[in-house]
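By letter and in written order, the chains are A, B, C, D, E and F; residue numbering begins at 1 in each of them.
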Amino acid sequence: MGLTHFDEEGKVVMVDVTNKEDTVREAAATGKIQVSPEVYEAIRSGAVGKGDVLGVASTAGIMGAKRTSELIPLCHILPLTNCRVRFEMVPEEYTIYCYCTVKTTGKTGVEMEALTGVSVALLTIYDMCKALDKSMEIGEIYLCRKTGGKSGEIQNEN
Amino acid sequence: MGLTHFDEEGKVVMVDVTNKEDTVREAAATGKIQVSPEVYEAIRSGAVGKGDVLGVASTAGIMGAKRTSELIPLCHILPLTNCRVRFEMVPEEYTIYCYCTVKTTGKTGVEMEALTGVSVALLTIYDMCKALDKSMEIGEIYLCRKTGGKSGEIQNEN
Amino acid sequence: MGLTHFDEEGKVVMVDVTNKEDTVREAAATGKIQVSPEVYEAIRSGAVGKGDVLGVASTAGIMGAKRTSELIPLCHILPLTNCRVRFEMVPEEYTIYCYCTVKTTGKTGVEMEALTGVSVALLTIYDMCKALDKSMEIGEIYLCRKTGGKSGEIQNEN
Amino acid sequence: MGLTHFDEEGKVVMVDVTNKEDTVREAAATGKIQVSPEVYEAIRSGAVGKGDVLGVASTAGIMGAKRTSELIPLCHILPLTNCRVRFEMVPEEYTIYCYCTVKTTGKTGVEMEALTGVSVALLTIYDMCKALDKSMEIGEIYLCRKTGGKSGEIQNEN
Amino acid sequence: MGLTHFDEEGKVVMVDVTNKEDTVREAAATGKIQVSPEVYEAIRSGAVGKGDVLGVASTAGIMGAKRTSELIPLCHILPLTNCRVRFEMVPEEYTIYCYCTVKTTGKTGVEMEALTGVSVALLTIYDMCKALDKSMEIGEIYLCRKTGGKSGEIQNEN
Amino acid sequence: MGLTHFDEEGKVVMVDVTNKEDTVREAAATGKIQVSPEVYEAIRSGAVGKGDVLGVASTAGIMGAKRTSELIPLCHILPLTNCRVRFEMVPEEYTIYCYCTVKTTGKTGVEMEALTGVSVALLTIYDMCKALDKSMEIGEIYLCRKTGGKSGEIQNEN
C-alpha cells in the first residue's frame, strides 16, 4: 500500500472522499512543552490569578484547529462540531501537557484538526514566555485516540 | 521579571515595539517526526522520484511561517524577507528532521515564524502519511539560533 | 443556567453540537451609523451615481459574514446558504441603517454571522468616509429575528 | 471635498499613500455592550474566577485588529506595533465598555484597526453569552483619539 | 433572465440555495501559460529532477481552490471532497496547460473552485519564473465540464 | 541563469531580499473576459444602473491583490500603498478588459499583486454571470508595466 495523497503518476492530490458516508468522528491528540522553572512558575501563578497564559493558548488552539484546512495543503474542509483544548501542569518535570479533542459529522477524520490544535496552543505558550526562556522545547505530539470512519477506533498508548 | 504579554492588571496585550529600531533579524528552528519503517521508505522513495511528500511539506512550511501572526494571538505582523524549510532523513532512527530559517528587517524577532514553519511542515508530513501509520510522533521542536535585536545572538545546542 | 462556552472547570470550549439535527436556520441583524450632513450627502449622491459607498459596504458585509468563524473564537464553521446586506438612509437623522439576513442548513444558528455582516458593513462605511468626518458613531447593533433550532423563533422589537 | 476612496470616474480605489512619510501613529476606539442582569453577573463572576469571557474577548479583539485589512476592502496592510483591548464594567447600567488602543509606524492611521478590535471583542462577548440573552445590544462605537499623520491629533468627547 | 446575484432593487446578494438538494457535483477547468523557451526548459528539467515548479504550483492550486469562497465575494462555502491539479507540457508551443478537477456533495456547483484552482496554479508558475521572463502570458481559462445540479451536464469544447 | 526559487539542491525557497533596498515600486497588469452578447448587455446595463457587476469585481480585485502572499507560496508579504482596478468594455468583441495597478515601497516588486488583482476581478465577473453563460473565457493576463527595483522599467506591448 502506498501513500494516498499521490495519483498513479506521483502527482499530489486531495484524496477523493465524495462517496464516503457522513459519520460521527472524534479525535484526541496530545503534546507538551518543557519550560524553565521560572517560566513554569509564571504560568502556574497566572492560571490562578493574573496573566492567564493557558487561557490565551486554549483560545488560540481552538481557533487554529478550525483553520487546519488552510494550513495543511491536502486536508479537507470540515465543519467541526466540537473542540476543546485543556492543559495539565506537571511540576516535577516543569512541563505543561496539552490535550485537544475534536468532533465532526463528516466524510473524513479530524486527526489533523486535533494535532493542529495542540501545536498552535503550544506555540502560543512558547510565544508568551519566550522573553523569559529561549530554550523551551515542544514535543511528544501524537494522536491519542480516534473513532469513527472506516479505520474504526485507534488508540495510542503513551 | 514577569511575562511581557500582560499589563499591570494581568490583562493580555501585544507587546509595544513602536520605539524599537528596525534591524536585520534571523532565526532558525528545528523539529522532527518519528515514523514507521514503511512510512520512512515511502517518503524516501518519493524524495527521489514520484510522490514528493517533503516537497509539499516545504511549501506548506513556508506558507505557514508567513501566516504566523494570524495563528499566534500576540505575534506581530512581520514582512519576512527570507524563508526556507529543509529536511534531513536519518534512516537508522526512521526519523525526518526539519529545519526552518527565517529572516526579516523589523522591530521584533522571527523565532515564532521559524517554529511555526517547522510545526506546519511536520504536520503536513503527518497528514500525507497517516493512512499508513497512526502512531507517528512529532517532537524536539526548539529554537536553534537567533540573531539581531536587543537579546543579540542566542544558540541552543541539541 | 451558566455560560455554555465553559466546561465544569471554567475552561473555554466550543459548544458540542455533534448530536444536534441539521435544520434550516435564519437570522436577521441590524445596526446603524450616524454621520455628518456632509458625509450623508456624499453617500446619498454616490448611491445614485458615482462613488457607491453602500455597494462596497454590502460586498464587505457579505464577505465578513462568511468569515465569522475565523473572527469569533468559539463560533462553529457554517456553510451559509444565503446572505444579503441592505441599507436604509434616514435623512432627518443623518443615519444609515444596515440590515443583514443570513440562512443555513446546519446544527447551529447564524446570529453571529448576521451580526458580523452588519458590523463589517458599517465599519466599511466608516472607513470610506473617515477623511470627511472623524466623529461618526456606529450603534444599535442587535439581533432582529431568528428562526430554526431548539430556541425556535425569537423576535426583538426596536 | 469629496470621498477619497473613489477616482475621478467614481470608481473605488485604495488611496495612494506611496509618498506619505512613515510616522508613529496611534488610535483609540471605544464601544459597549448592554446585557441582561443575568449575563452581567455571569461575566462579572467569570472575570474574577472561572469562565473568563472578557479574557477570550480581549484575545479575539487583538487578533481581529491584526486582520482589519482583510475585512475592510480599502484598508492598507499595516504592521501593528502595539495593540491592547481592555474592558470596564458598569454595574448600574449592566453594560461592559470596551477600549482598544493600536499603534504603528507607517503611512496611514490605525483608526480602523482600533474600531475593528472593539467590534470583534464585543461580538465575541455577544457570542459567548447569547444562550442566556438574545436581546443584547452593541453600540456607541467611535474613535476616541488619534495622533500622528497629516490630520494631527483628533479627540472625540463622549 | 437577468443576473442572479442582484435583488429586485439591483443590490448584490448571495444566491439563496437553502432549499436546493445536496447532490454530487463535479467541475473541471483549464488554462495555460505561454513562456519563453528558456523558462520552458527550466520547468521541464525541474519536473524530472531538481526545482519542481509544477509540484509547487499543484499544491498552490489545490490550496487556492479550497479558499475560493474567501476570494470571490458571492461564492458559497463548500466542503470540497476532492481536488486535483495536473499539467501538460506542449514543447512546440512553449506552453504549459493546467487542468483542475473539483468535487463536492452540496447545494451549489464547484465551477468557481476549479477555475480558481487553475488561476492560482498558473500565477504560481508565473511567480517562480518571473526572474527569467517578464513577458509570459496566462490565458484560455474556461470551464471544460460540469456535472450535477439543476443545469445538469455542461461540456465546453476547446 | 536558473530559477531563483530553488536552492543549490533544487529545494524550494523564498528568495532572500533581506539586503535589498526599499524603493518605490509599481506594476500594472491586464487581462480580459470574453462573454456572450446577453452577458455583455447585462454587465453594461448594470454599470450604468442597477446590478453593478464591475463594482463588485473591483472590490474583489483589490482585496485579492492584498492577499497575494497567502495564495502564491513564495511571494513576500508587502504592505501595498496603492491599488486600483478598472475595466474597459469593448462592445464589438463582447469583451471586458481589466487593468490593475499596484504600488509599494519595499524590497520586492508588485507584479504578482497586480496579476492576482486582475485574476480575482475576472473570476468575480465570471461567478456573477455564470448562470447566464457557462462558456465564458478568461485570457490575455500579462504584466503591462513595472518600475522600480534592480530590473528597472519593463514594458510589454500587447
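By definition in this document, a residue touches a chain if its C-beta (ideal position, glycine included) is under 8 Å from a C-beta of that chain, and two chains touch if they have at least 3 such contacts.
In this text the structure is predicted, and so the values were computed from the model without any measurement.
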Worksheet item: Taking mean CA positions as centres, which chain lies farthest from subunit A?
Response: F
Worksheet item: Does C-D or A-E have the larger number of C-beta pairs in contact?
Response: C-D
Worksheet item: By CA centroid distance, what chain is farthest from subunit C?
Response: B
Worksheet item: Quick one: subunit A and subunit C, Cα centre-to-centre, how many Å?
Response: 31
Worksheet item: Between subunit A and subunit F, what is the gap in Å from one C-alpha centre to the other?
Response: 37
Discussion item. Can you compute the centre-to-centre distance for subunit B and subunit E, using the mean CA position of each chain? Integer Å is fine.
Written reply: 30
Response to the item:
Cα centroid separation, subunit E vs subunit F, in Å, comes to 15
Fill in: subunit C: positions in contact with at least two other chains
9, 11-12, 52, 55-56, 59-60, 63, 67, 70, 73-74, 77-79
Worksheet, complete the sentence: Pairwise touch list, complete, is A-B, A-C, A-D, A-E, B-D, B-E, B-F, C-D, C-E, C-F, D-F, E-F
Fill in: Touching residues on subunit E, where the partner in the complex is subunit F
1-6, 9-12, 31, 42, 46, 49-53, 56, 59-60, 63-64, 67, 70-75, 111-112, 115-116, 119-120, 123-124, 126-132, 134-143, 146, 151, 154, 156
Worksheet item: Any idea which subunit A residues touch subunit E in the complex?
Response: 7, 9, 11-18, 20, 69-70, 73-74, 76-79, 106-107
Worksheet, complete the sentence: Note: in the complex, subunit B contacts subunit E through residues 52, 55-56, 59-60, 63
Discussion item. Which residues of subunit B touch subunit F once you look at their complex with the stated criterion?
Written reply: 24, 55, 58-59, 62-63, 66-67, 77-84, 86, 103-105
